[in-house]
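The two complexes that follow have chain A in common; it is paired with chain B in the first and with chain C in the second.
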Partner chain A sequence: MKGVLATEKRGIRELGAEEMVGWDEVTQGVVLHSFDTEVENVAHIRPEERPYSDFNSYTATVASWRVIKPVYNRDVCIDCQNCWVWCPDTSIISRDKQMLGIDYDHCKGCGVCVEVCPTNPKSLLMFAEAEDNEEALAKWPEKKKKEK
Partner chain B sequence: MADKMELNEVEVWDGNYAASQALRQAQVDVVAAYPITPSTPIVENYGAYVANGYVDGEYVMAESEHGAMSACVGAAAAGGRVATATSSQGFMLMLEVLYQASGMRLPIVLTVVNRAVASPLNVRGDHGDMYAGRDSGWVQIDAFNAQEAYDLTLCAFKIGEDLDVRLPVMVHQDGFVTSHTAQNVYPLSDEEAYAFVGDYKPVDEMLDFSRPVTYGAQTEEDWHYEHKAKQHKALMESYKVIDKVFEEFEKKTGRKYNRLEQYMMEDAEVAIVALGTTVETAIYAAEQLRKDEGIKAGVVAPRSFRPFPYNEIREALANVKSVAVLDRSCPMGAMGALYNEICGAMASTPANPLVTNYIYGLGGRDFAVEDAKNIFREQKANADAGYITTELQQFSGLRGPKLAFYEAKRS
Partner chain C sequence: MAITSIKNLKEFSTTNERFEGAHLLCPGCAHSMIVRELLNCTDDNLVLATNTGCLEVSTAVYPYTSWDTSWIHIGFENAASAVTGAEAMYKARKRKGTLKDPDAPVKFVAFGGDGSTFDIGFQWISGAVERGHDFTYICLDNENYANTGGQRSSATPIGAHTSTAQAGRVSYGKKQKKKDIVGIFAAHGAPYVAQLSPNKWKIMAKGFQKALETEGPCFINTVSACTTEWKFDPKDTIHVTDLATDSLMFPIYEIINGTKLNILYRPKNIIPVEEYLAAQGRYKHLFKPENRHVIEQIQKEIDEKWEYLQRREEASV
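The block that comes next holds the complex of A and B.
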């Protein structure tokens, strides 16, 4: 389950499944370079266009750490960006203030996005990791009536 | 541009002032410090140099020594030439960060004015703090007087910053006996000193935004061991660069330093191995004993405590019959650290000299020429007997009944 805007390099290996090189090949001072090439104004380059190196967490996946996952429902979302702001792992992908979906390579399933979602019903809900996203969307709850 | 300082051919400087002048001449970018006796004047003077326009750099007053060394790590990772000073309790508070600095391969220079470690609280010189740093991954160079504190601080930048080393370097001097005793010091001019040290060559600097880097990564059992091994190798092999820098320094000044200093060892039958100001006391005692009592005494002193000069020790002590290794730090439940190093070096040679351990001078207790002479005389007795006539570890200069441990098992 790659999610949106997953490039060739995003989450290409499990964290810890790097090639186990010997002492003579590890970097000096445990210094890790984020990119394979020199970059300019990298903050203005979109993540999927950055030359991330194998040392950057962008290229690793930690999807296996998750037991529950957020599922995103576009039909209810108002693009308020709350989830994007609050996600502790920058795993909400949004472009031009339009919510696109979840980076399932890096999402840990903490549920903060669901907690901060203000819509009724919520546009993000937690489901079991094994649950199919389409099936999850089919079970989406109805709008709750305001209690008088 | 920083102002130049006009120096005389001979200056009267104490060890602290000498070290601070070397830091100024190296034009350190950042000194982050939390002053502590007896090294306070090093950073105090440096702060004055910055304030008075003699250095283009930053002086940062930290909230503790832990903070001071942490700021040094940050500034060095950012890409600057960085130095600070400390002693004793301050050194102990820095200790955690010392390992960070060396693990990140940041060539910070730390001028350590050796002082006893509490409790009981004591501001005088012994080697308790220096010994606490011996596994921290730093190059440790020992100065025995003010001139050496100046010379070796200049050398420290050149050693640590060499691209084949890239390790932090401590320059040690003894609290008060060196740090507060004014002596004649022959400095280099500002131009000569800076030309010797050279411009700082940044490596993986965080302020290079075109190559963003992570410092301080976490590694568990899958990677930690390989990184530590690589770092150990760099420190083990740094002796090549130390030798090269000492050679260059000799060409410039005529003053020759060696990783293992040897005095009157050509024909020595007995020897003292020591560190710090004690070396000069032992040399004086050896000269007198040779003249007055016909004892062929010599002195061996590791200038480079880390990396430890094993090969040079093996050669220096190859023909010596009895060796006294002096530790100015209470080993607390073991033999002294220097004794263990010497025995480790000699155990793999056929020489097999008689080696004993003396604890002395704790908390600044004076180590007199007569104390050194008595130690030499005991070595002479060992040499003549062909076996160790004393216990393996003895306390020298201690009041009360004689304190000694371990019978020798060789006779």
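The block that comes next holds the complex of A and C.
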């Protein structure tokens, strides 16, 4: 991990590469680097090309929060990006104006994306977390009748 | 200023996100919708500060940060002071020629919840606006202290049930009115003040861009529906926000230079506020016969406010 630690005696020192300190040691404050190397302007670098550090929550997951999950059906999607703009968890992966799918590491299963999806039948539907995505997709036509 | 294209949602979605997932905000929280939109509507470098509140505790859970930008947290009340301090330093270093890349555009933004904006950080924001720093303050208004168990704040509207203004046999919830925070910051003479809402993503993105481009202190109050304390299903965040803007409980408007008011969204069908209230558990008790008068009062105040806003827009002063 790369970071700077400011300790009680106001000493500031670099954290060692593998060093992790407890919260109680961080009494004065802590500086966390989002990236392992210096980046010029993150807004110009695609997420998949960024040198995320272990401090970046991108490297963490909240998948265990979910009891239901959204499943994405590419066949019905019109790439309107409604789901992208309103997902609170940066979990709709859109590149070059196309919706590519769901980031299941960061999705919390809130269901907002399903609600705002305008297609008929919807291109996103909620299923039990344990459900297999392929099986969910196979069930889609029946959902379609229900949606109407 | 390099600005992300927001002609339509497809264009907008090509921006590279700078707010990362696996923050710990509740599922369906509107805070992150608003923050994502602010970060996505510009590709300038950003220096951000956040007051204590849901957003802060959920996006900086040691040892993680969810921010791909510079981000400072100090205390409950002082994001405005922190970010304007950074802005002053930036200007001084620019003047002295000690910046590595003096031409790179940088924007300074502070976030705070309604607790830290309407109550605890109030004088600090007022001071920062009065000093005239070039920054934008964004309030994520979920109308209560949601981070600590849903206590009432001065942003909580009349009639809402909160953990410290409970509805029951003797009370109908909070008895005081909500502060007019937009009016207060307009009265500071700030060049750009607005109330915006994430369900109207385009109006909100344009408002954010306007605030970032405007030199001087800008203040924006955003409607942030809180699934936990407003008590609705997380999937309904946008639906409830639609009801909020279409019932005019949250009118969308801007005030330029403290005087010129523009209404930014006029609902095609204005819905009765009852529909908005009925969608949330925190107003459930208002539907009892003895509390009905509160709904009537809320409706009356909304109508008066809408009339007032329209007249001010017409007068164009």
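Heads up, the rule we're going with is that the second predicted complex is superposed on the first by the 112 of 148 C-alpha atoms of A that agree within 3 Å, B and C clash if a C-alpha of one lies under 4 Å from a C-alpha of the other, contacts with A are read in each partner's own complex, and residues count from 1 in each chain.
Rule of thumb we're sticking to: a residue touches a chain if its C-beta (ideal position, glycine included) is under 8 Å from a C-beta of that chain, and two chains touch if they have at least 3 such contacts.
Treat the numbers as computed from the prediction; the structure is a model and nothing was measured.
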Is A:F55 touching anything from chain B or chain C once the two structures are fitted on A? First, second, both or neither.
both
Dominant contact partner of chain A by residue count, chain C or chain B:
C
According to the stated criteria, A:E38 is in contact with first (chain B), second (chain C), both, or neither; which is it?
first
Would you sort A:S64 into first (chain B), second (chain C), both or neither based on which partner it touches?
neither
In the overlaid three-chain picture, which partner chain does A:V30 touch, first (chain B) or second (chain C), both, or neither?
both
After lining up the shared chain so the two structures overlap, which partner does A:M20 touch, if you call chain B first and chain C second: first, second, both or neither?
both
Overlap the chain B and chain C contact sets on chain A and report the shared residues.
20, 23, 26, 30, 32, 34-35, 42, 55
Chain B - residues contacting chain A, complex:
103-106, 166, 203-204, 209-217, 219, 222-223, 225-227, 229-230, 233-234
Which residues of chain C touch chain A in their complex?
9-25, 27-33, 36-37, 42-45, 59-69, 104, 198, 201, 227, 233-239
State the interface residues of chain A toward chain C in the complex, per the touch definition above.
1, 3, 20, 23, 26, 30, 32, 34-35, 41-47, 50, 54-62, 65, 79-82, 84-91, 94-97, 103, 105-112, 114-116, 126
Per the contact definition, I'd like the list of chain A residues that touch chain B in the complex.
16, 20-24, 26, 28-35, 38-40, 42, 55
